[in-house]
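Chain IDs A, B, C, D, E and F follow the sequence of writing; residue 1 opens each chain.
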Amino acid sequence: MYRHTKELQWSAKPDRPDALYAAKLQEVIGGQFGEMTVMMQYMWQGWACRTPGKYKDMILDIGTEEIGHVEMLTTLLARLLEGAPAETQAEAAAANPALAAVLGGQNPQHAIVSGGFAMPTNSMGVPWNAGYIVASGNLLADFRHNVMAEAQGRLQVARLIGMTDDPGVKETLSFALARDTFHQQQWLLGIEQLIEDGHTDGLEDSRKDEEAAGQNDVFYSFHEGSTAHEGRWAQGSTLVGDGEIRFEEGRALQDDVQELPAPDPLLFGTYDGSKGPGKPGTAGGAFVQGAQNLVSKAKDKLTPGE
Amino acid sequence: MYRHTKELQWSAKPDRPDALYAAKLQEVIGGQFGEMTVMMQYMWQGWACRTPGKYKDMILDIGTEEIGHVEMLTTLLARLLEGAPAETQAEAAAANPALAAVLGGQNPQHAIVSGGFAMPTNSMGVPWNAGYIVASGNLLADFRHNVMAEAQGRLQVARLIGMTDDPGVKETLSFALARDTFHQQQWLLGIEQLIEDGHTDGLEDSRKDEEAAGQNDVFYSFHEGSTAHEGRWAQGSTLVGDGEIRFEEGRALQDDVQELPAPDPLLFGTYDGSKGPGKPGTAGGAFVQGAQNLVSKAKDKLTPGE
Amino acid sequence: MYRHTKELQWSAKPDRPDALYAAKLQEVIGGQFGEMTVMMQYMWQGWACRTPGKYKDMILDIGTEEIGHVEMLTTLLARLLEGAPAETQAEAAAANPALAAVLGGQNPQHAIVSGGFAMPTNSMGVPWNAGYIVASGNLLADFRHNVMAEAQGRLQVARLIGMTDDPGVKETLSFALARDTFHQQQWLLGIEQLIEDGHTDGLEDSRKDEEAAGQNDVFYSFHEGSTAHEGRWAQGSTLVGDGEIRFEEGRALQDDVQELPAPDPLLFGTYDGSKGPGKPGTAGGAFVQGAQNLVSKAKDKLTPGE
Amino acid sequence: MYRHTKELQWSAKPDRPDALYAAKLQEVIGGQFGEMTVMMQYMWQGWACRTPGKYKDMILDIGTEEIGHVEMLTTLLARLLEGAPAETQAEAAAANPALAAVLGGQNPQHAIVSGGFAMPTNSMGVPWNAGYIVASGNLLADFRHNVMAEAQGRLQVARLIGMTDDPGVKETLSFALARDTFHQQQWLLGIEQLIEDGHTDGLEDSRKDEEAAGQNDVFYSFHEGSTAHEGRWAQGSTLVGDGEIRFEEGRALQDDVQELPAPDPLLFGTYDGSKGPGKPGTAGGAFVQGAQNLVSKAKDKLTPGE
Amino acid sequence: MYRHTKELQWSAKPDRPDALYAAKLQEVIGGQFGEMTVMMQYMWQGWACRTPGKYKDMILDIGTEEIGHVEMLTTLLARLLEGAPAETQAEAAAANPALAAVLGGQNPQHAIVSGGFAMPTNSMGVPWNAGYIVASGNLLADFRHNVMAEAQGRLQVARLIGMTDDPGVKETLSFALARDTFHQQQWLLGIEQLIEDGHTDGLEDSRKDEEAAGQNDVFYSFHEGSTAHEGRWAQGSTLVGDGEIRFEEGRALQDDVQELPAPDPLLFGTYDGSKGPGKPGTAGGAFVQGAQNLVSKAKDKLTPGE
Amino acid sequence: MYRHTKELQWSAKPDRPDALYAAKLQEVIGGQFGEMTVMMQYMWQGWACRTPGKYKDMILDIGTEEIGHVEMLTTLLARLLEGAPAETQAEAAAANPALAAVLGGQNPQHAIVSGGFAMPTNSMGVPWNAGYIVASGNLLADFRHNVMAEAQGRLQVARLIGMTDDPGVKETLSFALARDTFHQQQWLLGIEQLIEDGHTDGLEDSRKDEEAAGQNDVFYSFHEGSTAHEGRWAQGSTLVGDGEIRFEEGRALQDDVQELPAPDPLLFGTYDGSKGPGKPGTAGGAFVQGAQNLVSKAKDKLTPGE
């Protein structure tokens, strides 16, 4: 259950309107690594967490903070749309190429759809979707995603800062920058804690015993003149176990050629008969037909009076 | 430029048809962390890499390997669809609940759309989309994504292995399991190499000097009875610098209330006038109107004879 | 079954080309509340209507009118793209910031993809999708959507009118404005008719008897300092029945804490064992594995010769 | 800014596992009218609200409640996935068609992707997306959407209740049913309040004076044998003003035929020349070409040393 | 402008309910090549057609017919959902695996969302979207799409027929089969007519003179052991002109290696400095920053009193 | 399995930066008919091909070439983003409308998200998705798609060429133009080869015998004043068989009116009772309820100790 308070966590007061910058700011609100993503993702991961206590509480603490970040950045954006130059200044604008750029580059949905507020989309207008959320129930795998999401989000904020010189906007984004640093660190420390608590050794290794022998310590190169062997990833000891990393040229490790058997004739695929006649009734088509016959027969039996 | 050979890197030969399992296998082909994602992502990151040499070559080597993994898993799936029980076996199926499950649970597009082949979709039929790709030009941020993608993908493969007892399918998936272990390790070693080469200290920290003071070392809790303070993430030294992590209750760090200024009257938002009249011509509507006037006037001048 | 005639219902003749305005006009063609939505939605609702006679006929009448509105607005848009300033006028344009705005703000797909016609997308280029359609079979719920769609669409047209001073464009949009007024009214009268005909009392109330006691007449506030109690929604008599609306602070109405049981070990979620061992074979993983065993066994029995 | 507490607002305790029902329950979590939609929509509308006080507070109160509803329903779903029949019970299942149905009908992502938790998708696996959100800044138009969303969501819950006989599930859904009744009523009362406060007369009517004369009070029928004239929507007084609704057969109201002018030759559309030669340089192609020439020239001038 | 009549073009009366088949039938209603696609596509192409007369009329005739096909197939689907086995027959169903298959395989949205009607989605629940539409303004390119769409749609219908033995369903689908044959032929004859009328020679060849010399008549093979040279496509005379097709091994046709210049430092990409320092201010970051400075300055000048 | 080499197939060296053109170029990279589509589509078709030998090899040869085309065009785009006018030139830009256009029209994700590289999206920012891929297993139907995709892609390239005068860009696009010509021809020759090899007569005609009599040779017109009868498609001999094409006015071919039976009362659709009471237990709702009862009962029996 959640509660709301009216104050923002941090200020969101631009010094000047800037509709062109508002269009760009959408990326860190409703983009792949915008605040909507981390807000929904951390709440989802927290709710899904099977271990009561510090992990679950920590994830939900941050998730709850992030709701406020969406609130803060959408407010900043709405204020950036206010007080833009008016009709009576049209003549001045006519002589001004920079203003012309704003006319061409502003987000039409900011006026037509939301009436002067942020849209729940990225900077190109693509609606945020839940396919951005990662929540697998496995905290190592999910914390790895969280470190990354904070790193990508922070990088985008750093790029955006370079595109404005408005002190108020910079003030808000400097907060986002700092929190993203802290949160990157926090998820990395979360992985350390998972290791310390014995949940993992840092690599996702479920069903480790079932890995194909000799395939988890070899770098395959498929590239003429590749210098990939120079990196640490292609030499030295493995991170897990006491193996040694090998560097090999990529090759077929067996003789299975990419071919398919004769097709089900009821699917009407193109086939030259070279593998003999397709078995009648193999694959989906006839299979389903058989099933439908069944269903019909069953229904006949069940609904005698129909 | 790329070249192709007919052999698969590893075998993809199921012992028996299993249309229900084929439906599930779609997740690791065309899902968020399926092989299509890593294939496209690593090629994209490699092409985008600004540093010639071992990094670029390594990324492209793996990307090229992954094209072959899509080929291998789609082949496995197509073979799982072959030789399923036929029409003449309908009567036997009528008495068999397990077969009935297959009828209900198979993917209709495997028959209707692809004619017995894999679809480029996840296990629920959602088409793969390039919104899954991450390629920022910043190798630290991107390698963090790659570690995660391999961890998530491996976890899904581990779960899928538990849903079959077909030795041929297990053979193929054991290879995926091993490669995902290796690739997790490889991207982690890639980060070590980035650190060793002086590209980063492991945290994304562009514009570090512009972070809001005192906000990059504090954990805020927004949760009654939270035990989040027990974790390493809320105490001890920071990972960067020589700071000490603080744990505080989340609060408004200033007094900016989430309110918006009076709206542009030409956008017809609901407004009670409590902040005085909205300035005529502020915001999007009138601004654009001014622009259009401009455009029209300019055109009038430019196309006198029209 | 449908028929077509060549005349447009209303004129669609802009006085001047305006590629920048054409880009904005896409919103009311292929956006969430554009003409494509109401066209498809009303036809779908009409086809789905179970009651022959005035309701079904009315819905289909309007749906059929709306096909013509898509035709009309796409024609208007195509004509807005005609005769824009030409190459030989490039030098004049070079000195003109308003024209520069058009260069930056026009929709590239209008040239590259459709060759001078409207796109079936919104103003940011997102393709129209059928997720915008609402058709539940319940006319009260659907008419409520229709009122809203006409109100939102009309609001967007009103905003768009403020962005042009082309008399021909205004003529077309003034028609859209009037029809959207009429159609709002019509769906509201449709609800009145549903009430008069005894289909509903104006609230969707299926399985009314199964509502949780005491939960359908209380406003919960989750907001410090909320003034929500001042509104009609938090006091006075209920719209249905003879109840009295109560205003209460939101709270947990029972003691169920958001926790989950021990996880299925075969899903490899993170778990500290604090709730005892997860039951082997609970949840998806093992369950499905059991099923697959079944399927395999059944197939073995059914396909002896394979 | 938001805060979290661990207790759920209402209980979410199913009596028995039911993976097939969990698959269906996704619709009211991540579907078009699921809890994710109302949660995000009300918060967005509340943040965007320009009028401080009771309206803004009310919207945010409900939005905050809805976050807890997503939490509650995802918890219910996760618990429905627990303790499903296990591997050792496979033989029993083999004889049981109802269990077979579950095998076929369960959501594969519940096991493979989320590891036993809800997905942020609808019942067919389509990820929730922000295109479901409506927030226009105009409270009449938005409250109309809210009434509808509660009605549609409630209808779906009512349908879902009929698909289970689990008392614990019914207990949770009975709460959803009651809240949806209250919220429908609340948004209707919100419209009454808007009228009372003088914000609207109940119809969206921005730029009312610019409506095409005679087009806002006439029902057009495009349907042979239509009985639509029998309804209230086609006769009697108008809801606004003192007009009388007319019923007419749909017809072209002017003589503009759906034809387009001669195309820009640089777009290579098919054209028979019947309207004379397309003016060189009309439309997008040449226009843009002109622009590019400009840009190039400008750059040449600006970067003399390049 | 359009008109509607109540009769269906062809009958749509299934003999028996079949919810499992209804789920599959969605593919040819709302899938990539379903009736919604051809309906919207032909109307769009027709409206966009620049040549009045037989082409435009023909396209619109077929587009109008296709609206009726959507109507017909959705009606068929709704009728397939009627009268399915009822609650009182539950015990019979308990013993029947074929009915169990239906339980698992039916589309939950048919009950929960549409209340017993078709959904505007494909067979996996993905909403139809306008990205399926092709309308380029070039009739050769578009007719090629139309031939293909009819071929793909027909193939899917042929596969679907094999999955039912209901005479009423087959009757409806036999009509779809015949119309798809006719329409394939029609678009092929449309191409013949385009050739006869001098609009094209059958290949899209705009800007033919600007093709790279020697690159439009050579087959490149990038495949070890490829037998592609055996086909007509790799030998013999070209279809256009009097050339001869050559077969060559794919190779780099020049020496441009896939490398990128030094990056803009303000974008914080990973870079080893090997190409010298990135020019300050190159690329997006600084460029935009410069622009923003401009905008700010311009606004300062324009809004002196703010 | 695939291999990579560092050289590009063809040069990709623009003479000058042009961020506005880079934004447009996205269409032929990640749009509906961009290089990503043909790359993925041909590989998918090749892998799915059931006939070993020349067809399969040919398709895979071209698919492999296309990977390199994505590489080539993304490289071109990245280079177009380099060295754009810098901050120190801001004052010059302030006086320059053409530069202002670039500011407004550039793609913000090129800076914020990809850090100076291409995005896997179309020119409006919509992510590429696998719904663009066509691979049915039927080579005639798929080759028809391939001809079309090459024609549409080529047309877009031809339009794009007209929007630049950069010799380096033109050089790259002239190669795309030539290859698209060759590939159009190649797929047409592929169809000739299919006919020669006896796989088809050029029309998709699966289950030809099941076509509705008299419906595969008649053109229906639904258009007042249609001149569609003048075309070859409405007269003369049929392409298959020895029939004669007929031209008729579209009409209902039977008397089935678009009506639906009485609804299942448990779905709470609006219904006036005019067709008698809906049968209790028809359709989805009750059916599923019955099923759930079953499942519950089965579980009770199977898990006695719970």
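In this section, a residue touches a chain if its C-beta (ideal position, glycine included) is under 8 Å from a C-beta of that chain, and two chains touch if they have at least 3 such contacts.
Just so we're on the same page, UniProt names per chain: A, B, C, D, E, F = Manganese catalase family protein.
These numbers were taken from a predicted model, which means no experiment stands behind them.
Peer 1: Identify the chains in contact with subunit D as well as subunit F, in label order.
Peer 2: Chains in contact with subunit D as well as subunit F: A, B, C, E.
Peer 1: Can you tell me which pair among A-D, D-F or B-D shares over half of its residue-numbered contact pairs with A-E?
Peer 2: Of the listed options, the interface copy of A-E is D-F.
Peer 1: Could you tell me the distance, in whole angstrom, between the mean C-alpha positions of subunit A and subunit B?
Peer 2: Comparing mean C-alpha positions, subunit B is 4 Å from subunit A.
Peer 1: For subunit B and subunit C, let me know how many angstrom lie between their CA-based centres, rounded off.
Peer 2: 26
Peer 1: Just how far, in Å, is the C-alpha centre of subunit F from the one of subunit A?
Peer 2: Each chain's C-alpha centroid was found; their separation is 24 Å.
Peer 1: Got the subunit D residues that touch at least 2 other chains?
Peer 2: Within subunit D, residues 1-9, 17, 20, 24, 32, 47-48, 53, 55, 60-61, 64, 68, 71, 75, 78, 83, 85, 89, 93-94, 96-106, 111, 113, 115-117, 121, 124-127, 129, 131, 136-138, 140, 155, 158-159, 162-163, 206-207, 222-223, 225, 250-252, 258, 260-261, 263, 267-269, 285-286, 288-289, 291, 293-294, 297-298 contact more than one other chain.
Peer 1: Please give the residue numbers of subunit A that touch subunit C in the complex, ascending.
Peer 2: 1-6, 47-53, 55, 93-97, 99-101, 103-109, 111-113, 115, 121, 124-127, 136-140, 194, 197, 199-200, 206-207
Peer 1: Give the list of subunit F residues in touch with subunit D in this complex.
Peer 2: Subunit F residues touching subunit D: 16-18, 20-21, 24, 83, 85, 89, 92-93, 96-99, 101-102, 155, 158-159, 162-166, 266-268, 285-286, 288-289, 291-303, 306.
Peer 1: Under the definition above, what is the set of subunit F residues touching subunit C in their complex?
Peer 2: 20, 23-24, 27-28, 31-32, 97-98, 100-106, 122-126, 155-156, 159-160, 163, 222-225, 250-252, 258-263, 267-272, 274
Peer 1: In the complex formed with subunit D, which residues of subunit A make contact?
Peer 2: 1-5, 7-9, 30, 36, 40, 43-44, 47-48, 60-61, 63-64, 67-68, 70-71, 74-75, 78, 113-118, 120-121, 127-131, 133, 135-138
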